Every structure is written in C-alpha cells, then in structure tokens.
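Structures given as structure tokens follow.
Two complexes follow with chain A in common, the first pairing it with chain B and the second with chain C.
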Partner chain A sequence: MARGLRFLVLILSVASICDAATFNPISDSHRSAALELFTPTDGSLKSLEETFEALRTFEVLGIDKKSEIKGYTCPTVVDTLWSPSSALKDLFQALRVNGVLKCELNDEVFAGIASRLKDNVKDANSLLDLHYSIGSLKLIKGQTAEVDVHLEDADGIFRAIKALSQSDGRWRFSSNNPESSTYAAGIALETLAGVVALASHDIDQSLMDTLKQDILKLFDGIERYDDGSCYFDEKLVDAQGNWGPVSASSSIVRGLTSFATSTPESLNLPGDRVLCLAKFFLGIGVPGNFKDLYHQIDALASLENNRQVISIPLILSLPSSVLSVTRKDQLKVRVNTVLGSAVPPLSVKLMQIFTSGSKDASIIDQELKFDPETKLHVLDALPENVDVGKYIFTFEILLHDPEHKKIYATGGRTKVSVYVTGVVNIDQAEIAILDSDLGNVETKKRLDLTGENTIALSANHLQKLRLTFQLTTPFGRAFKPHQAFLRLRHENGVEHIFLVRSSGKNFEITLDFLGLVEKFFYLSGGYDIQLTVGDSVMENSFLQPLGYLDLDLPDAPEKAARPPPQPVDFSSKYGPRAEITHIFRSPDKRPPTELSFAFLGLVLLPLGGFLIGLLLLRVNLRNFPSSTLPAFFAISFHIGIAAVLSLYVVFWLKLDLFTTLKALGILGISLMFTGHRTLSHLASTSAKLKSA
Partner chain B sequence: MRNLKLFQLSLIFFSSIPLLPILTLAFSAENPTDRRILVLLDDVSLKSSHSIFFSSLQSRGFDLDFKLADDPKLTLQRYGQYLYDGLILFAPTTERFGGSLDLAAVLSFVDSGHDVIVAADSNASDLIRNIAAECGADFDEDPSAVVIDHTSYAVSDTEGDHTLIVSDELIQSDVILGKEKIEAPILFKGIGHSLNPENNLVLKVLSASSTAYSANPNSKLSTPPSLSGSAISLVSVLQARNNARVLISGSLELFSNRLLRAGVQRAGHSKKFDKSGNERFVVEVSKWVFHERGHLKAVNVRHHKVGESDEPAIYRINDDLEYFVEIYEWSGTQWEPYVANDVQVQFYMMSPYVLKTLSTNEKGLYHTSFKVPDVYGVFQFKIEYQRLGYTSLSLSKQIPVRPFRHNEYERFITTAFPYYGASFSTMLGFFIFSIVYLYSK
Partner chain C sequence: MARSSTAKDAQALIQSLRSAYAATPTNLKIIDLYIIFAVSTALIQVVYMALVGSFPFNSFLSGVLSCVGTAVLAVCLRIQVNKENKEFKDLPPERAFADFVLCNLVLHLVIMNFLG
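The block that comes next holds the complex of A and B.
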C-alpha cells in the first residue's frame, strides 16, 4: 500500500507535461456512474450503510431517488431502531439513513436509544464503538429536540479518545491494537467533533490546543504527487482490502470539516493543502466501485459545504486544451467549485506562456473576458507570439471581493498545458538521384506531398538519393515535427527508417548508398519509398508513398550479415493442408482375353492331334487283363491316376497345398499298390508270351 | 466479549481458506474454463478504476482473488497444487513480486497449462518486460517511449499529445474476438512491442497503424525509433503448445473504465462512436484467454472396414475403411458440436500416405472413408488440427497394415488360361496315354 496509487500518478503524469495538469470538476459522468453503481439489487440495497452512502452520494450529486429508496428502507430503519438488541453500528447507520429519509418515528424511540448509547459511551474502549455511540447521539440531536443527549463527562470522553492518538497524528482503533491508521484519525476527529457538539459545557482549552497540534502533525505526513495533488496514505488494510488512500483521505476530510464546524475557532489550515486534497479527489476521475465513489463525493462535498471554516477550493479547468489555429479556437477557461457549482465574482488572468521544453516564458498578464451566458472566461485571440506548438499557460484567479480571499482557496497560479494546432505548409518537395563523387544531379523529380506521387527511380550503389522539402507553420515560421521518417521497404519486407533532419525550414536527407550497402544487406531490387511527417500540433500529419526505387547493389560477400527473418504469415501454419491421395501400384499389363482364349485353343490343339493320332494308330485295349482280380487292380490303378489328376484340378480350384499333399499321400499309397499289381501282372503276361 | 466472538469468527474464516479451492469448481479437462484467478495489482485503486473489466469476469463466474503485487504472502501453489487457474498481472511497475512469486514461478505456471493476462504500461518494470519477452513479445527498450500516432489518434479536447491512439487493425479470428465484429475502434495508450519472428506461437491481436511509432513524446528523436509502423503490436496473444494462453498488452489503461466508457472519434473521420470498442475487445479476448472459447476436444475415435462395424486389429492393403471422430468445442458452460470443414486425417507412416479432409454432419461427428495404401507396415491415424485461436488437437492411433495372404491373390487369371489349358491337356493326354500304352496291342 505504501506505493499506493502509483497508477494514478501514471495517468496524471502521462496526461500532463511538467506539473501542468487539468482537473475537471464533478460532472454528469459521475451522476451516471452513481446511478449505475448504486442500483438496488432485488429491490433493496444490501445494508443500511450502503443505503446511507447511496443516499448521501445522490444528495450531493442532486439525483432525486429519496422517495424511491424510502419505500423499502424505512421499515428496516424502524425495525433496527426499535429492536433493543441492535448492534451499535446498525443503530448508527439506521440513524444516519433516518437523518436523510425522515422515517416516521416518535421521540420515545430516540429516548430509549439515547440512554442506551450514553451507557455505552461510558464503558466503551474502542474507537469505533465510541464513534458509533457519539455519532448516533449527535444524529439524535439533529433529528429531535425533545431528547436530552448532552454528555456530562465530555472532557473524560475527549481524553479517552485522545489517548488513542499517536505521535504522528494518526490514531489507533483501540488501546490493545498497536497499529495506527490514518482512517482512524479521521474517525477520531469526527467523534471528537461530536463530543464537542454534545458537551454540556465547553471542552478544556488545553485539550483543544493539543488536538490542533495533532491535526497539523497529520498534515505533515501528507503524500504529494507531481501534479500538485496530495493525499493521506493508509498503511493498515482491513480484511476486505477496503481502506486505501481514497477512504483514508476522505475520512480525514470528513473528520476535519466536522471538527472545524463544531468549534468556533479557526484551524488555520493553509488553503493550498485543501486545494491539493481536492485535486486528489478530482484526479481519481470516476471510480468504479461505489465505496470509492461515495468517499470521493462525500469528501468533495465536505470541502465545498464546510460553512467556510476551512477554505473552499476553486478549480480552474479548460474545456479544451487543444486549440486549433485553423478553426480559430478561443482560449476558454472555466472556474468552478469542486462539485461544479457557481463561484463568486472573479476574473482570470493569463500570466505567462511557457514554450514546452524550454524555460523561457513570455509574460502576458492579460485578463480574460467573462461571458456570463456560458460562465466561461474567454481570451478572444491568442497572443501574437503563440504559433502552433505545445505551451504551458499560467493562469491566476483574482477574486473581486477581498473578503472572499479568506474563504476560497485558489492555489495561486495554475499551470495548464495547451496544444495549439494548425495546418503546416509543405513546399518544394523534391527527390533526386545524385552521382556520388561530383554530386551531379542525374534525375530530379518534383513531388506534391499533399497529393499522390508515383515516382519510379533507379540507382546503383555509387549514387545517392536526396529528398528535400520545406515545412512552415501557418505564421510562416520554421516547423520541426516530432516525426519525419523516410522509409525504404524492400520487396521481401526488410524495412529501413531514416530520420529527416532540418535546418531552419528546410528538410533534407541524402542517402549515400555506398555507405549503406551493408545496412541494406546487399539486397538489390525494388524499394518502396514512404515519407511520414507528423506532430501532435500538426493537423495535416501524413504518410505518403512517394514511389519506387530500383536499387542495384553489388553481390553480397560471403561474410555479409543476413537480413533479419521476417514474420511469417500464420495462415500457412493454420490453414488446411493439401490433400494427399495414395497412388496405388498399377496392375500388370495383360493381353486381351480373346488372345488368351485363342492361345488356349492353340494349346488344346495337340491334345486333339494326339487323340486323332491314337485313332489313326487304331489303338485297342486288348491287352486289358481278362481275369477278375487283375482287372480290378487295373481299373483301380487308372481310377487312382484319374483321382490324382483330379486332385490337381481341385488343388488349382480351391485346395491348399497341405490338404492336397495329405490327399496325395493316401492316393499315392493305393496308387503304388494297385500300380505295382497291375504292372507286375502285365509284366508276367508279356514274359509268358515271350517264353511261349 | 464482542471482540472475542469476532476473533473466533475470523479464526474460523481464515482456517477455512485453504479448503476453499477444494470446494470450488476447478479447472479440468472436462470443464476447461478457468475458475479461480489471481489478480495482482500494484495499486488498490486499480480495483475500482478497472471495475468494469473485473465485474464482467465475476459475472461470468470467475472467482477473482485480488492481491497487491508486493504482498509478502503471495504464492501460486501450495503442496505442489496450483491454487489458481489463471493470473492477471495488472502490476506494470512492480520490480519484484512479494512472496514466492517470481519470473520462474510465472513461467512454470504457464508451462503447467495455466493462463495469464499481462498488462504493461509506460515505465513497465524489467520483471514485466521479461515475462513478456519469455512469451515472445519484446517491449520497446526505451522506458520513456510510448506509442504515438499522429494520424490515427483519438480526437480529444484535453489530450493533445496523440498518445491516446485508436486502432481497428484486429486479427481476423472469430474465435479470439467473437463472432460479432467489433465496430468501434479501440483506444490504446501505452507502450508497443514487437513479436519475435522466430516464435510462431505468438500472434498480434491488435496492431498499430502504419504511421505509428514508439518514442518519447516529450523529447526530440535523435535516432530512428526501434519500433514503427504496423510492425508495432499493441496487444498480442500466445497459445503455448500445452494450450496455455497468455495475453500481453502494452497498455493497462486499455482495460480501464475510463477507456471502456469513453466515446471515440478517430482523427480525420467524422463518425463519432458513443463507446469505444475496448469493452467488447477486452471481454472477448478475456473469454478466449480463460478458455471460454476455442477449446476443442476430440472423442470417440473409431475406424472400421466399410460394411463392418467392429474395429479390426489389423488392416490388409487395399482395404476400404471408414474413420470417425467427434469434435466438440467448449462454450464456457458446455460442450457444443464443433463445425468446420477443414479437419483432416492423415494415414501416416513416416510421412502421410493419405491426407483427407473429413466431412461433418454438423453435430460434431466427422467422417471419411478411404482405401488403405498398398504399402504394408505400422501406420497411424493422425489428426493434427491447428487452427488460429483454437487449442490444437493432436490424436494418433496406431494400426498395422499387412500384405495379401497367399490365398488372397487373384486366381483364374484369363491371361494364364493357355498355361492352365496346357497343363490340363497334358494331364488328360497322360491319362489316355497311360491306358493306351499299357493295354494297346
């Protein structure tokens, strides 16, 4: 937390130059944010505390939602106040809500609560308990005159609270809690203000004096930002992380204003402290959570409506800090209170104008005209020496009534950074290719930097490229833009940027390609030429493609640096890939079936020839055995051969080798047996014939 | 007495904190949206200045745990278990995190598949720069440089330095930015970065216009800016190989209520938008980062021969097969069918033999059929689905392919009929000859 709100510094410091920052008073964006953040969920707000915060914020911002909230909140308030067992905090919140809503309650309730609270005050030992009790009593005092709420032992209570204060002006929440908190200091001050208001007699003056010292010590510990705002930091964080600088500062402001209002004496707080706190709350902008919004709005409201016990801050703001010379914008200044309400008669003076970035100031001391209709202070024409550029204007607020000087804090001089913009004239633009050694102009083309240019140039490494142009402000002075780039982009995406430098109005850049070959990675080929000129005060900033340069550079030596890799297009990585289909092996070439059948016929022919031959030979079967047994064996033998041959056919048709071999084995054995018998019979027959 | 009670209550509350992560719905494969997110701030006020972004996350069911970046009790894991599913680093200036959190812890958080949003700003600390650099985004090294654009800036009455720039050069991706086009331009105020060209996982989501450059607006330029033109990335995302997602933004204000609510008018254009595109942009991008979109799962991978329904253990070459896979996309609350026409399956052995686009029935089922190549070996069905913004799908299923068996070759080839005829006629001739030879007289 110690480094809290650094982000805020960041926003503010980025938006500002030096310590010139603009703070705008509360506006409609706060109103719409409030309505958005305090929307009741399921018909009612979460707690009485939240309801009060919402009511308070709406009240300050001037949003009328009271009657709407009253409907569903009053029953809860009445319940809480009637119930004897309500916690102190709830009673306090209920009374706070009742203070705004004015629910129907009788004095009897208040009397009951008051006596209970008084008892509580006597034996309370924590700051919050005292805060709730005394706060409640004070609220009862405000809501009814009938109940006696005066504290008898005001000095004692005052001392009890004072006992919790620390040497640095901060407070502890209770005597057995050693950690001190800034938030608690605000609570304590508010409580003490309550004690003073409820006391039946005046508080001891010495006590008041020491308290004032404490307050001043507290302000010594204030933290400051560069932009002139300051805040109270909070070291202690509660379990929900709710206490930050906003709530701490807000609590202090609330405590301070209520304490200051309750005593007749002045606190003598310097006005600039009040102003810088106000700037802090305005610098937050529109907070996104409703606690912060409440703290912001409540603190600003306390600062504004403090019955003039501490100075009321006045905020000077510019509706527009970007002024265009071409549109002849007038310098307008608005002075408001923090909540954006009207201010006493005053005038605004433009004191000094600093040129940004330099210390010299021109002293103007010119009063701005007040326009009662728009409530703006207007400077008719910008001072003559203000050309386009960045400036810091110093304003001073002069209150017409000298009495008001004590009431309002104007913070002396206010610095505001202003941008004066205009159209810059561009003239005499020329692009030329020069010969390196003599500087002779090879080709020269005029350019129109406000229109389109398509120039085609070609050069080699012994030549130079020269670009010249002039920039002048609308008032005819030299203008130096922040951005003046010449960009050469090679076809493959490698880009080179050169700053175009100026002397007076003239801008000139000469690219000597001989010295640049290394930088260009020896990449020959087409380069696109682009010129970019821009500045925050130049209304016609531009990016102009000038044309095309065909550059002929020598070949890269082996050790030359490679051009940096260019980012690849991710579509190649993420797109679908080309489909792949497998190319199957093509089947072997086959002759046409007719040919096969023709050959089949040819192959079968010899068998026919064989059969015809047999017939011609007049073959007979006379040798076939005539007796029964040999005939049987002979028939079996031939059936066997036929079976083996058929087996081969079946093997060809469907059988596998193993089945075939098995069958062949069985057939073979019988074939061998029958064959042996048949052949031996035939042999014996022919032997008999021979011997016969 | 009351204090004592309070103490007791708080004791119960704090002792139950370690139990909370167990009770809450956690990140899982079936429910990939993140649930618990640690938000590190370098300033408490960010909670309120960026409340719209945070409340949009909370309203989508995220459990945000806000901590200061230098909180000494900071830790991402306890007993080896991560306490959070996501991390939002809104602490651009933090030089060191408190507790046990450091660069290595953040990187291992990403390495274990968790998501991170990192927002830098001008004066970003080295720590934040290093985290971004590890993700492939290099911020401009000049600490005072911011992105300036004199042509494409937001017209404003109060900010004249053209550092509040507008850009509508968004990545073309429905999954990252939502289906609805973001009409209004996006306001940006911060620093630019360039993407490492060698890192192909990181993508430019929002880039600057070609006139932008990165420089210190308050000092004159002495050297050309290191970053310029549309090479400047304003917001980038990274999807790691483990599908962890990281968002890198050069601007913390991009997420702020101020810019979310601001109206925007681009310089030189007359059209004024009532509201910038920032809210849509940050909400949509955060949906993507925290896996409410673009998270795919593939289930029920099946394949079989055409005409059969059982998955075989092996295919034969030249078989016709059918391949099915179901792909669903997580919508943040449930799995919805993923519809695309570019899901491809590969039949892969060393290199893809077949690469085919799957057809879908629009209900999540993808299907194709093809012929097994005539090469045998151990193949894989492979789906390598990488699409911009989607989590990558990488499936592979191994399947062997065998050649024909001896009896599966073609029989009775016509061309061979002369040979068959020759054999059988010889056999017949032999049979007749054997009879004639034996018994003829």
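The block that comes next holds the complex of A and C.
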C-alpha cells in the first residue's frame, strides 16, 4: 500500500514538473506598449471602434488621455448620433465612446435613437445586429435616465438569440449561416446580459437554466496548455484574420462577466478555470498589435472587476527567478491580482522543492514572512539542501479570511521554476605530459583556471597529455557542468574537441597522441589549448586559452587522410564586404597662372597684327551696300554670323548638342537667306561695274 | 667676294619678290594676312604645349586644328578668288566667300564640340 502511494506521488510530481511557468501581472511595459500602439495618426484615431478600444485600454491601465482624445473625437460622436442614416454598428461604437468621454448631448438625441433601435430589435435576424441594438440600448440606459429603453418582449428576443446557439455551447452569427463560432458565443452572452438588464420583467427561469448549461458546455471545450493556462480556440476564420484564441477568449470572458453581473444567481464556475484563463492572458506577454492588447487588457479587467460574481484570480509571481547562493539572495514572492493591484491579507507557503531532472521532491512546508513595505513575501534563507541548480518551487496561497476563499481563485499550488546560481570552486588544475609506456611524468604544470594561463608544452607522438581539475559547489558537493570541453587548434585552423569526463568531483582527460596521430592528420606544429567549462547556474563559467602545445608527430604516410578543407567563415561570407577605396587619377599638374595669362596675351598678339595689317592695306568698307534693303540684309548677315559664333560659345559653356543643333538650324536658315541676298547683291553690283 | 654677291642676289630676289607681291590685288593680300594670323596663332599654341605640357590635350588639339583648319579654308578661298586661276574663272568670288563662311561655321561647330 505504502509503495503504491509512493508511486502515485512520483507520477504526480513528474506531471507537475512540466507545468511550472511564471506569469507576471500587468506592468509598466503594457502601459508603454499601449501608448505606443494607440498613437493617433494625423490627429485622430482611425475609427470610433479603435477609439473606444484605446479609451478602454487607457482607462484600465490608468493612463489619462481622455481630455486629449475628447477634443477631436466628440464632434465625430455627435455627428454620428445625430445623423439618421448612421449604421447600427457606428451608433453602437459612438455610444460606447460617449459612455467614456461624456460628450455634450441632450436626451432628445437618445430618445430618437432608442425608438429606432427598438424597431431594429424586432426585425433583426443576425446576432451582430441584435448585439449592436441591444448593446446600444443598454448604453443609453447608462447615459441617461430620461429615455425609456425597456424591452417589452424580452422573452421573445431571448429566445431568438438562444435559437442561434449550438449543442457544443458555441453560437452562429445568423440563422442562415451554419458555421458556429466561439467569438459569437461571447457576443451572444453579452447580448443576453443586455436583454436581461433591459427586460421590463424577469426572464423565464427555464430559459436561464438552459443558458447556464450552455455556458458549462462551452467550458467543456476549453483548450489547455501544459503550463496551466487555458483558452477558447476559434474554429471559424474570417477574411481579415481578426479572430484568434485571444479575441475569442476575451469575448467569452466579457460575455461571461457581463452575464454573471446582470443576473443575481451564481454561475458556479470553478475558480481554477477562471485562474487558468487569466494565466492565458498574462502568458501572451505584451502583444504587438493594438487589437490583441485591447482584448488582453479588457478581459483581465473584466476578470478583476467582476463584482465578485465569479472568482477573482490571484497571481503569484517572483520578482527574480534567479537566486544566487554566493550573494545570499532571498527568495521573494509577490501576490497580485491580474492587473497588479493589492490583495486581501494572505500568507504564502513554500510547500515542496523539486530538483529539475530528478523525480523526488523535498517537502518543506514553510511559511514566508510578509514584508508590508515592499508587499513581498520573503524567505530569509534557502533550505539547507538547495545547492546550485535548477529547481521547481511549489507555493500555496492561504487566504486569512475564510470568506475570501469564495471570492478569490488561488488555484491551489503554484509551481515556479527557479535557478539557483553560485560561484563554483575550481581546484587542483594541472596539465602534464606523460611518457606513454611507463607513465612517468615528463613535465607538469599547475594551472590557475580563475586567472590567465600561458603555458608552453612540447610533446611527441610517444607521449600523452593529461589535464585534471576539480569542481565543487559552494556547499562542497560535486558539480557536473553542462559543458566541459578541451579544444586543440592547429596553426592552419584544423581543430579537435574532446569531452572532459568526470567521476565525482574530479575531471580528467588523457590524450594519447600515439592513438591520435591519424585523427590529427599527422600535422606537427603548434596547437592552441583551450578549456571550456560552462553551465547556466555556474556564475563563473569560462572559456579560456590555457597556452600552447608544440606537437611533434611522424611524417604522414602516402595513403593518410588529408586534413579537411577549413569551413568557410560565415561572418566573412555573409558579413560586410571590405570597404572599397576608389583611387582616382590625380589631376595633372597645371602651369602657373601667370604663364597661362602670358600665353593668352601672346595668342591675342597675331590678332592685333592682323588688324594693324588691315589698316596698313587700307582696307575700307566702300563695298558695303548703301541702299536701305541690301544694307539691312548685309547687317543681318553679319549679325547672323555673330549669333552662330556666340551660340557655339554657349554650347561650349552649358548647352548640349541637340539643343545647339536645333538653334543652329533656325539661325542657319536665316543666315542662308540673308547671306544669299547680300552676296547676290554684291555679285550683281560687281557685274554692273564690269559691264560699265 | 662670293658672299657679297650672294647677299646681293638675295637682296635682288627679295626685291623682285616684293615688287611682284605689290602687284597682288588687295583682297588677296587680306587673305594672306589672315592666313599668317591663323598660322602664327597655331604656332604660339604649339610653343605653349612644348613649354607647359599637353594637359587638356583635346583643348590644345581643338585650338591648333581651329587655326590650321581656318588657314586651309582661307587658302582654298584664295585659290578660288584669284583671277589668275583660270580654272575658277566662272566662279564668282561671292560664291567662294559663301563657301568659306559655311565651311568655317561647320568646322567650328566640330571644334567647339571637341573642346570639352
């Protein structure tokens, strides 16, 4: 019998080791994420729906942005509520935003909308239409007392919504859509809560009973993770991909809490279900998109502020799950609600400690001391048998007031994985060269593995290399690290890694070079020796060079294997390329400016000579046409030539060839015309002279 | 004795050349002057290149070719305008001048393009 019991305990402990995970309550990282994700683009948020989600998230997280958002959102809200053509969904979202912002509106608006919504409720046949209409009516009820929003035929509406439910507790969006959805179940519950709240008389009790059965069925289909969290999965996929486990679970939580709040009766939901849902929402951390963040925060807020109709989950978390025995860290535990607020008086007990990888647990049953200043439960000293390593600690939360046990869900024992780290002592490190046959010690050097070593050894193929050291934990027990490797690296890059084996505290490796010559590819020469000892709980893990070994091996026989080609260094293959420095031709040496100017003057000199020569030859302009028209053509001809030459100068300075040729074409035509007229005039004049 | 006679001969030669050239029509003299102007400008540029170096080589080439080209064109003009040349008797000098202007414009378009 006793043996059977022990076996059962063993199985239970193995099962419980798997589900140790830490869930931390909502913290400042959520606040900064919210501020980052809900940033208005171009001065306003995209839609009223998004605005509401932002407002709700900020409200829960205690961020005051209301007055800022009110400025640019209220006009939209008022417009939407006044407009007779607004869609149902827009009305609903506007009323939700107004519920938070309290924009200036009179009862007349609400009365108008309420009568319209009531008509809609009668004709509606899809779940979303009913959800928007009834949700809006409920919101109006909350925003003004003057408008009558009571539903006459509440039983009928209740039945209409209930008709869409499925046998597994899920809901359909409309009667002509056969697919059922978990998200829709949450919506339906929320709508039914609205119907109950708006009903002018009590709802038929049998209807309520069947609904409670539906809710329990829904919880039967809950999915579980190994770490103790659970969620509602969404089978139906929408086109935008908006629905997933987060939105579905959030929708269920919202529907459930609002339904539970609206009815006086208890739903009798087990506390651990609520706690595991809370763990799911905390387990997703800080979501990267605002929809998920809203769903997470809203669901957690619904769980926390549910007016005690369902259990309020309490979350046990460790500020630090790494404890150092060298620094004598204390084990600290914090208990909060999901949103990180204060909890009723309670005490925390450390029940069991499991060593990771081994099946036995040590029973502790020790109460942690509560520090009222830091609101932490502290264990002064770790139990005796806790050495460095990975452990799973089991805690239990004990509420002081027995009444509170009905209100809060603590989920029994909570398992948290804890790393206990410490500085591992390294002693008696030695490296020696031995003669192979007799085992005589040739050379022996002590090593200081906590400091730097630069030993130089030499050996041939008839000798052995032996490395020994001891590892002990701070409590003097043997310590076996994850990694203990000796690495020999030849000058040309070929490296060999050997595992250092241990027996108890002692670690020893002996390399017999005679047996290793083949493995070493007969490569004589210098080898770098490197020792790696590492573990996640070892605070002084190291990877350090020990020194240098000059190995003398026989020459390789012809058939010996060649050393493998060295692997390509990936950092050089995919890393940045070497920077290219562009070498430009250095500009040629220029002459001094004075010389160039002197030659410019010299080049102009022949021009002066030419002009003087013209004067000496007594050149005149007598032949220049004197009558008006030919003179005009002659002048235009000369101006034309000058224009073409100046065009060339401009071409040289800035124009391109095509522009120049276009301009040249136009100039050329006029030049040809004037030139022809001028020259033919001159020709006719000279012909007249000749004939005369 | 021989030297003085050589000098005298040279003097006589130059004398006769000058007198012969004096008879050349003025318009041909103008063209000659123009050719001398162009060729001497080209020579100065060549001297500059010899002294300083040919660094912007295309600029140097275009400068020299501009001068040489225009000198060659002027020589052609001179041949066509000269009345002694029976070959071009029917060609009016105005037509020759028009050719000269056109060729110069085309030549300098190329030169400017090459100048860089």
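Basically, the second predicted complex is superposed on the first by the 546 of 692 C-alpha atoms of A that agree within 3 Å, B and C clash if a C-alpha of one lies under 4 Å from a C-alpha of the other, contacts with A are read in each partner's own complex, and residues count from 1 in each chain.
Here is the rule we go by: a residue touches a chain if its C-beta (ideal position, glycine included) is under 8 Å from a C-beta of that chain, and two chains touch if they have at least 3 such contacts.
For clarity, every value in this text was computed on a predicted model and none was experimentally measured.
Enquirer: Applying the touch criterion given at the start, work out whether A:A683 contacts chain B, chain C, both or neither, answering first, second, both or neither.
Expert: second
Enquirer: For A:L645, using the defined touch cut-off, is the partner it touches chain B, chain C, both, or neither? Pick first, second, both or neither.
Expert: Both: A:L645 reaches chain B and chain C.
Enquirer: Looking at the overlay, what does A:Q483 touch: chain B (first), chain C (second), both, or neither?
Expert: first
Enquirer: Using the touch definition from the top, say if A:D535 reaches chain B (first), chain C (second), both or neither.
Expert: first
Enquirer: Please work out whether A:L664 is in contact with chain B alone, chain C alone, both, or neither, and reply first, second, both or neither.
Expert: So A:L664 only meets chain C here.
Enquirer: On the A-aligned overlay, A:P557 touches which partner chain: chain B = first, chain C = second, or both, or neither?
Expert: Touch partners of A:P557: none, neither chain B nor chain C.
Enquirer: Of the two partner chains, chain B (first) and chain C (second), which one does A:G613 touch, if any: first, second, both, or neither?
Expert: second
Enquirer: Which one hits more chain A residues, chain B or chain C?
Expert: B
Enquirer: Touch test for A:L602: chain B only (first), chain C only (second), both, or neither?
Expert: The answer is both, since A:L602 touches chain B and chain C.
Enquirer: One more residue to check, A:P287. First (chain B), second (chain C), both or neither?
Expert: A:P287: touches chain B, not chain C.
Enquirer: Overlap of the chain B and chain C footprints on chain A, residue-wise?
Expert: The answer is residues 590-591, 596, 599, 602-603, 606-607, 610, 614, 619, 641, 645, 648-649, 652, 679, 682 of chain A.
Enquirer: Under the touch definition given earlier, write down the residues of chain A that touch chain C in their complex.
Expert: My answer: residues 588-591, 595-596, 599, 602-603, 605-607, 609-610, 613-614, 617-619, 641, 644-645, 648-649, 651-652, 657, 660, 664, 668, 675-676, 679-680, 682-683, 686.
Enquirer: Going by the contact rule at the top, pick out the chain A residues touching chain B in the complex.
Expert: Residues in contact with chain B: 1, 3-8, 10-11, 14-15, 17, 22, 29, 126, 237, 239, 241, 244-246, 284-289, 291-292, 318-322, 356-357, 390, 417-419, 421, 480, 482-483, 485, 487, 495, 497-499, 532, 534-538, 541-543, 564-568, 570-571, 573-582, 584-585, 590-591, 593, 596-597, 599-600, 602-604, 606-607, 610-611, 614, 619-624, 634, 638, 641-642, 645, 648-649, 652, 656, 678-679, 682.
Enquirer: Which stretch or stretches of chain B touch chain A in the complex?
Expert: Chain B reaches chain A through residues 3, 10, 42-52, 66, 68, 70, 93, 121-123, 146, 148-151, 156-163, 189, 195, 197-198, 200, 203, 210-211, 213, 215, 217-218, 220-225, 228-229, 231, 252-253, 257-258, 261, 318, 342, 344, 346-347, 352-357, 370-371, 373-375, 386-388, 407, 413-436, 438-441.
Enquirer: Help me check something: in the complex, which residues belonging to chain C touch chain A?
Expert: Listed in rising order, the residues of chain C that touch chain A are 26, 29-30, 33-34, 36-38, 40-41, 44-45, 48, 51-53, 55, 92-95, 97-98, 101, 105, 108-109, 112-113, 115.
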